[in-house]
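So, here come the structures, one by one.
Below, chain A partners chain B and then partners chain C, in two separate complexes.
Moving on to the complex of A and B:
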């Protein structure tokens, strides 16, 4: 039987709010429930896959995202949004990708469920 | 398989990236031959204001993107109630947009709803 699929559109960055933690948490939980999870990082959401986050107080959502990727999540970030913020391939967590907005359009088309997290 | 997207834009232009990013996404969806409509409500109604001119603040005019969207075949709906609450009339808006009193029918007729 084909796995159910979930696309998450995450548009908010880490620490100013909990949206990034919520998005990554849902991704992990959905994979536990058998979903094939795809996540697209858009606007400030692209900061979530920055590799050198070092929060002193809050949980490191970049590490959490890397964990989600290692469990099978397909995580991609908008190229235009990333380059605008000076985020390049060498700046992102292992397994993360910087790709085209059209990849999210494909996720929209193909996934069974779509969860936008925009705050 | 989702074929129709309703993009609900509630945030006005220029103070945030949301309006620009939402319409850019709308144009990308249109370019992939999917059915998409944009509904402007709350402060999102300002995005269709025909006299906006951000040239002095050095950012792109969101209206260019919105007009591309309409020319590519996208439908734009504006909440009439939210427009009037902000002292605007249809004459203040670009041509090609349609006023609506409820968007329940739009919610029912699209597969996915993205709210910015």
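Moving on to the complex of A and C:
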């Protein structure tokens, strides 16, 4: 049987609110539970896949995201939002991708459930 | 239809949460079922004494569950004994995944 799939749209950056932690936490847990997870980072959400995050007190969202990717989550970020914030291919975590918003449309068409985290 | 609402925002500071609860109440009246999941600052909703908000919560509870993230509640000093009428979720991300994937038809996050 085909695995049920979840598409998560994340539009919030980390460390100002818990939206990013919740999105990444759900992505990781859904992978562990055997679902297929696709995540699209949009607007300030693109900060989540920045490679060199080093928060002093908060949990490192980038590392959590890398964990989700290593479990098989498909994570993509909006190219325009990333370049606007100076985030290029060399700045993102292993396995992350910078692609186009059209990929999000494709994710919506293919997934069973959508979790929009707009904040 | 089964609607799931994940509340992340505090009910204080703006009227966004109140608007979401009113929307939930309308969804109930139109024959849908509604669950709330309180997480992060959203768990403060369990402490609100405002009469109108409490009435809305009672309505929602009649047609569904109001879950509270255990870790978020604990971090804010909200103990299980004070959460009468709420469903405490110990494995919050695990429970959220089950609700989003298997129980709810649509999800809203605020």
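Brief remarks follow.
Rule of thumb we're sticking to: the second predicted complex is superposed on the first by the 119 of 119 C-alpha atoms of A that agree within 3 Å, B and C clash if a C-alpha of one lies under 4 Å from a C-alpha of the other, contacts with A are read in each partner's own complex, and residues count from 1 in each chain.
Note that in this section contacts are C-beta pairs under 8 Å (C-beta built on N, C-alpha and C of every residue); 3 or more make two chains touch, one makes a residue touch a chain.
Keep in mind the model is a prediction, meaning the values are calculated, not measured.
On the superposed chain A, the positions of chain B and chain C stay apart, so the two partners fit side by side.
Between the C-alpha centres of chain B and chain C, as seen from that of chain A in the superposed arrangement, lies an angle of 70 degrees, given as a multiple of 10. In the superposed model, A:47 makes contact with neither chain B nor chain C.
When the two structures are aligned on the shared chain, A:35 is found in touch with chain C, with no touch to chain B.
In the superposition on chain A, A:114 makes contact with both chain B and chain C.
Of the two partner chains placed by the overlay, only chain C lies in contact with A:26; chain B stays clear of it. Of the two partner chains, chain B is the only one that A:105 touches; chain C does not reach it. Between chain B and chain C the least C-alpha distance in the superposed model amounts to 7 Å. Touching of chain A by both chain B and chain C, each in its own complex, is seen for residues 114, 116, 118.
Across the complex, chain A meets chain C through its residues 4, 6, 17-19, 22, 25-26, 28-30, 33, 35, 112-119. Looking at the complex, you find that chain B touches chain A at residues 1-3, 5, 17-18, 21, 24-25, 28-29, 31-32, 34, 112, 114-116. Contact residues of chain C toward chain A in the complex are 6, 8, 39-41, 93-94, 96-98, 100-101, 107-109.
Residues 9, 11, 42-44, 80-81, 101-102, 104-106, 108-111, 114, 116, 118 of chain A are the ones that touch chain B when the two sit in their complex.
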